[in-house]
Structures are given as C-alpha cells and as structure tokens.
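So, here come the structures, one by one.
Okay, so subunit A shows up in both of these, paired with subunit B first and subunit C after.
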Partner chain A sequence: MAETLKIKNKEIVVPGETLAEGMGFLPSRGTYRDEKTIKAQKMGMISIDGKVIKLIPLTGAYVPKVGDKIIAKIIDIMMSGWRVDTRSAYSAVLGLKDATSDYIAKGADLTQYFGLGDYILTQITNVTSQRLIDVTMRGPGLRKLRGGRIITINSHKVPRVIGKEGSMVTMIKQATECNILVGQNGRIWINGEPDKEVLAEETIKKIEEEAHTEGLTDNIKKFLEKKTGKKIAVKGETQ
Partner chain B sequence: MISDQKEHILQALKKGIRYDGRKLLDYRDVKVETGFVHGAEGSAKVTIGDTEIIAGVKIAIEKPYPDTPDKGNLMVNAELRPMSNPEFESGPPGEKAIELARVVDRGIRESKAIDQEKLCIEKGEKVWSVMIDIVPLNASGNLLDAGALASLAALKNTVFPKLTEDGAINYDEKTKDKLPLQKEPIEITVLKIGDYFIVDPLPEEEELLDARLTAAITADNKICAVQKGGSEPLSIEEIDTMVGIAQDKAKELRKLIR
Partner chain C sequence: MKRNDGRKNDQLRPITAKVGVIKNADGSAMFKLGGTTAYSAVYGPRDLYPRFKQDPEKGLLRCDYNMMPFSGHGERVRPGGGRRSKEISMVTQNALLPVINLKGYPNAVVDVFIELTETDAGTRCAGITAASMALADAGIEMKDLVISLSVGMLDGQLLADINGKEDCELGATDIPIAYIPSMDKISLLQIDGEISREELKKALELGKKKCLEIYEIQKKALKQKYAAKVKK
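== the complex of A and B ==
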C-alpha cells in the first residue's frame, strides 16, 4: 500500500480524521495508529516533521508534563506535604522535602510555609501513568507568589503569550513595568502598578483571543504603544 | 494569600483604581432588555459587565394568606445554578440564593411597589399572585443590584393574562393591563474594603469585603429597605456615606428602566 498523506502541513483537523495511510509515517503526540492509517485524537493543527505527524491541540484542558513550570494553588495541607491544584484534571502533591530545606519538626504547623489558597510557582518532577503528579519547589525562581493577581487563559495559548524566546512576554513586561510569570498550565501572575496591571491583563486576553492570527507580535506592539504612548523595542524577529 | 491579595487590592484602591481599572464608584456597563422570556407574563435580562441575570414574572390566581385576605400575594425566588458560576452547587438554595431572593423581595414589598390591594379579586378567596424568579446566567459579581434591577424591569414589563368565561386563566392570550405599580425601588450595594467604599463589585472584591450595605431606594429618593452583610461593623457615619452613594447611583440606574 502506498504511503500517502491525506492532509497538508498546518491544516486543522477534527478527531478521527485520517491523516495518513500506509506504514511510512509515524504517529506522534495527539495522533494514533488505527491499523494502517494514522488518525487524529483531538481537534487541532497538524505539524509534519519528516515522517513524524504531530497534532497541536487548539483547545482542551491542561495536560501535565514533566518539567513544566506551572502556577499551582494550595488546596489541602496533609501530614507531610501539600496538595495543589494544577488546573488539570489531576491534583499534584508537594512533599515536605521538595518544599523547603528547613528542618521541620514532627507535627509542625505547615501553614508557615504555604497556607490554603496560596499560589506557588512550581515545577512538575514526575507524572505517573495513573496521572499522580509530583511537584517541587527546588529550582531557580520557584517560589510562593505574594500579592499581584492571577489570571487564567487557555493553556494551549501559553506559547503565544510567551512568544519566540520570550519575546512577547518581555515586550509586555517592558511596556507595563509589571512582573509577569507565565505558568504552562495557563495561570499567569501579574504584579505591578494597579493601572499597568489592568493593561497587562487586557493585553494577555487580547493575545489569547487573537492567538491564531498572523503578525500577532506587531499587532500587540502597536496596541501597547497606543495604550502607553511610548515606543517599544522588540527583541528578536516578528512573526 | 487572602491577606496578601487584600493588601494588594487595598494598595490599588488607595490610588483610586479597582481590580479591573475602574474608579471606586464607577458602575460597569449596564444593559436592560425586557420581554425576554415568552412563557412568562413579564421578564427582563440585565447585563452588568460580565454578569447576566434574568428575572421572570408569573401571575396566577390563588387563595390569599389568612393575615392579608384583601391583598395579592408576592413571592420572590432565586436560583443560583452551577452553570452561571462553578462555585455554585446544584440542590436546595444556599445562603447566597436565599439572601438574593429575600433582599429583592424586601425592596419590592417594603417600598409597596405593587399595589397589592388592587390584586384582590374576591376578599379571602381569590387574589392575583405575583411570582418573580431570578436566575443568573453568568454570575460575575453584584448579583443583588442586578437581580433587583431585573425584577423591577420585569414587573414593569408584566401584563395580565386573559381570563376565560368561567374565570380560569388563559396564559396563551395576554391583555394590555399592566401590573398596578406605584413605586420603583432600585437597589444599590455599597461595599467597604479597608477604608474605601466601592459599588458594583467583582467576585474578587466580594471575596475580600469587610462590610456591605444594600439599600432599596425609590424614585423620590426614599430608603425603604436595607441589608447589611460582611463580618465587620459599620459606624453611623459610614452608613450615612454608603446610603448617600447608593442614592446617587440609584439615580443613574433609574435612567435605564424608562
């Protein structure tokens, strides 16, 4: 049987759609092999890299991945650690050892480190096949987030908010003079002057809405220049 | 985090800026649409920012309550469905839903908005019963003001159904008779966070409030009902200020329900 592609690169497909026939292609993330065909698991955009077919989902909940830095919320305090909400279908556990290097006596009050409702920037260290997730606070920049505001966006739009090599988020930081941390799970922490925070939030929502459009960086640059009334230098190229 | 966040919001309020960039005493955009539900005798949808709420009025003939044999019945019910906010749970109405229904009910009842004596058909036997149902479609703060405004707009929109020859109601046909309205109460909620007063709160601000005061205000600027919420006490001067703010804001909202 001939190896034929049924779709073009960057095409949008729906679940179950046949992407390729024959054994010449390899299914990657978001696709699966059904006998001699490769089909799409989700709705999304196809990315073909040589013989590998990958699907970039356009929507859906966050799926935890090892190594992701996420913004999690403390939802429970347990005997020897914390349970945190990851904004996915599964919660994660932050063990005492991964939380601090302090000596903690038995039965000590754990809320002195993290209390209920606190937001933390944390990193996923392990995801089992049963979706049990471990997170850690050991790593550069991982910490509890004090003050500021948390906004949420679709986690699949996070790469657009960050931009190529962080160009987009750097631009927003420059224009608004806010501290911004973007978690891979779609939670974003913004801290700065009140009016600038509002502008940063507005900009990020605009990026989320226009994520699929061409020349996004340029549009956002113009938008920010209009709002702040100052010139913004963009590092890196525009897409 | 709660205290961190409160400190952060207070810092912003100090500079006169709210969580969404508004000024302290600014309302979000308010929109009132009437005649929204076909099955009801009167209905309205009110949109305040992201908050959307529907009020529907149903009229029926019922026996009056024994203590008011010559007055029509008034009932207000509110349902906070999980669809409108993930924090709401299905099942019997909770504290928030009951408060919403009761505060709206009190505003309408105590202002004597409806001339309930005119709803009497046969003393002690048959009266018109007015039932208001309030359902938020999207709960994004300030349900009290939105619910009261929607209820009032729905009452103003209400017409009686036709009666058949044997005195039963034919809901399929409507008359042109309006409800006997004599007052138009508008409810405004003023929140106190730290030393600052704000109106039209967002859910984030409602979570951090110290105290809130809801006042029902009629067209001649009279206060006919109040409701206090939150854990902190209010001084007499503070209540004066808050009621003053409510009176000013009520004038603004009143323009929308002409």
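== the complex of A and C ==
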C-alpha cells in the first residue's frame, strides 16, 4: 500500500480520524496504529516531524509528570506529611523529610508549616504506575505561597503563558509589576497591587483563549501597552 | 408513503450539534435531533468514591441518563432515578466503553452526565451521540467517536430516526443502535417490537449508513470549536 498522509501539519483532528495510511509513518504520542493506518487517539492538533506523527492535545485534565513544578493545595494532614491536591485525578503526598529541613519532634503540630487550604509551589519527584505521587519542597524557589491570588487555566495552555524561555510571563511581570508563578498543572499565583493583579489575570485569560493563534506575543504586547499606557520591551519572540 | 412529519423513509430530523456548551464541565456537548435535545457533560478523570468501586487496573466510566421534568409528556418522563433511566445509563456505558481507553486512569472515574431537555423519541441515541462528543472535548483517550441512532419498521417500511408519534402512537418497531465507524462494530442494539431476521439486517445497514451522516456532523462540531480558537 502506498504511504499517504491524510492530513496537513497543524490540522485539528478528532479521535479516530485517519492520519496516514501505509507503514511509512510512525505513530507517536496521542496516535495509534490500527493495522495499516495511523489514527488519532485524542482531540488535538497534529504535528508532523519527518515520518513521525504526533498529536498535541488541546484539552484534557493535567497529567502529573516527574520534574513538573506545580502549585498544589494542602487538602489533608497525615501522621508524617501532607496530602496535596495536584489538580489532576490523583492527589500527592508531601513527606515530612521533603517538606522542611527543620527537626520536627514526634507528635508536633504540622499546621505550623502548612495548614489546610494553603497553596504551595512544589516539585513532583515520583509518579508510580498506580499514579501515587510524591512531591518535595527541596529545590530552588519551592515555597508556601502567601497572599496574592490563585487562578486556574487549562494545563495544556501553560507553555503559551510561559512563552519561549519565559518571554511571555516576563512581559506580563514587567507590565503589571506583579509576582507571577506558573505551575505546570495550570494553577497560577499572582501577587501585586490589586488592580494590577486583575490586569495580569485578564491577560493570562486572554492568552488561554487565544493560545494557538499566530502572533500571540505581539497581540498580548499591544493589549498590555494599551492597558498600562507604557512601552514594553520584548525579549525573544514566540513563533 | 409519507411519514407523519413529512420526512422520507431514510431522512433524519434536522440536526444541531455544538461542543463546549457547559462552562464548568471538563468537556460538554449538545446534540439536537428534531424534537429531542440531549446535553452531555463530562467530568474527570477524577477521584472515585465510594472507595470500594476503585479499580487499580483501570478507570471507571460512570454514565447518568436523566430526562428533565419539563422535557416532554407521557408516562416516560419521570425525572430522577428509576428502572428505565438506570437501564439506559447502563446501555450508554456499554455503548461507549469499547472506544474509551481507561488504562491510564487507575482508581479514577470519568463521569458522563446526560440531560434531556426535550424528548421526542430517540433520547438514548441522542444521549450517546452527545456523550461521545463531550468525551472527546474532555480530552479522554478514545479510539473513535460513537454515533447512535434509532431505526425502525412501520407498516412494512424501513424507517430511519423514529419520532415520538411513530414510536408511541403508531406502534413502530424501535431499534436503537450505536455504531463505531473505524471498527465497523455495533455497541448498542435493542429492539422494541417485532421484526424478521432479514428485515433486521436491512435495518442495521440503513442505520450504519445514517450514522455515518451524523459522524460527519459530530466531527465538524468538534473541529469548529477548536479551529475557531486557532484561527481568530
């Protein structure tokens, strides 16, 4: 059978749609081989790299990965650690040893470190096949988040909010003079002047809405310049 | 012979399909087939409770079918749980399961809610069609979309998409089917009424053909939501 591609690069496909026929192409993430055809497994955008067909999901829940820095919420306090919500189907465990370097006596009150409902910036250290997740607070910048506000976006749009080498988020930080931390799980912490926080939130929502449009950085730059009335210098460009 | 609403034998009622209609759901869709409107919302994968239902090998698909209290008339419209809605929830689950890959979600659940705001026969079919779009919108891993449609038999004539009058008053044989195009398989088949073996075969062929028409509408609706975001 001849090798034929049924779709174009960057095309939107639905699950089950035939992407290519013949054995000449390789199915990668988000696609599967059904005898001699390659089909899409999820809703998403196709990315063709030589002979490899990959699907970039545009929707769906956050999937925890080792090494991700996420913003998690403390949901329970256990004997020797905390249970945190990762904004996925699975909660994670923050063990005592990973939480602080302090000496903690047996039976000490753990709420003096993290209480119920606190948000923390944390890093995933392990994910098992049964989706048991370990997180740690040991690492640069990992900490409890005090003040500010938490907003949530679709976790697949996070790379767009961050931009190439952080260009997008740096631009928002500059324009709004807010502290912004973006978790890979789609939670974003913003801390600054109240009206500036609102502007930052508005901007991030706009990025989420227009995530896959051309010239996104320019649009957002114009939007921020209009809102703040200041000139903004952009370092680097995203696509 | 003309049908009571002036359609041809193999003609479907007017179809509207929309994706992303419920803001708080992870995925949602609306599917309207003539006087039947189904809304479907998908939540998850998320935590599964009660805990004894958790399966360490794979996730659970949980479906809930409900006719809304104002959705129509007749003895069938009884909102809330009941023998009928429980059965339909179960067949919906079975119709959708063959395409969904739940291996990646151990101990978790994908919740599918189907609410009917208007009912004029073919509610389980509209529900399954909407649910499969909503599942795709929620980013769940699936092999294909599922399309469902009722075919039937009235006065010796094969009909596609039975309406309420044909079903309840004229006494047509009602055969709801769910079809998976890429596997060429049927995942729901119920028969209410009498039909011969030969005629059933013909009815299924008609059903498959008509399902493919709806399949195109499903794909278009899904792509429209995401394409609009990319172009703008």
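Everything that follows uses one rule, which is that the second predicted complex is superposed on the first by the 237 of 239 C-alpha atoms of A that agree within 3 Å, B and C clash if a C-alpha of one lies under 4 Å from a C-alpha of the other, contacts with A are read in each partner's own complex, and residues count from 1 in each chain.
We take it that a contact is a pair of C-beta atoms (placed from the backbone, for glycine too) under 8 Å apart; a residue touches a chain by one contact, two chains touch by 3 or more.
Note that the structure is a prediction, hence the values are computed from the model and not measured.
Within the superposed three-chain model, A:115 lies in touch with subunit B and out of touch with subunit C [touch as defined at top]. Using the contact criterion defined above for the overlaid structures, shared-chain residue A:42 touches subunit C, although it does not reach subunit B. Residue contacts after overlaying the shared chain place A:212 against subunit C, while subunit B stays out of touching range. Touch criterion not met for A:139: it reaches neither subunit B nor subunit C.
In the superposition on chain A, A:194 contacts subunit B only, with no contact to subunit C. Of the two partners subunit B and subunit C, more residues of subunit A are touched by C. Of the two partner chains placed by the overlay, only subunit B lies in contact with A:147; subunit C stays clear of it. When the shared chain is aligned, subunit C comes close enough to touch A:14, but subunit B does not. In the superposition on chain A, none of the residues of subunit A is touched both by subunit B in one structure and by subunit C in the other. The residues of subunit A lying in touch with subunit C in their complex are 10, 12-18, 32, 34, 39, 41-45, 57-61, 63, 88-91, 129-131, 156, 209-213. Residues 1-2, 4-5, 7-8, 11-12, 15, 17, 19-21, 204 of subunit B are the ones touching subunit A in the complex. The part of subunit A that touches subunit B in the complex is made up of residues 115, 117-119, 146-149, 191, 193-195, 197-199.
Against subunit A, in their complex, subunit C makes its touches with residues 26-27, 44-47, 56, 99, 101, 104-109, 136-145, 181-182, 218-219, 222-223, 226-227, 229-232.
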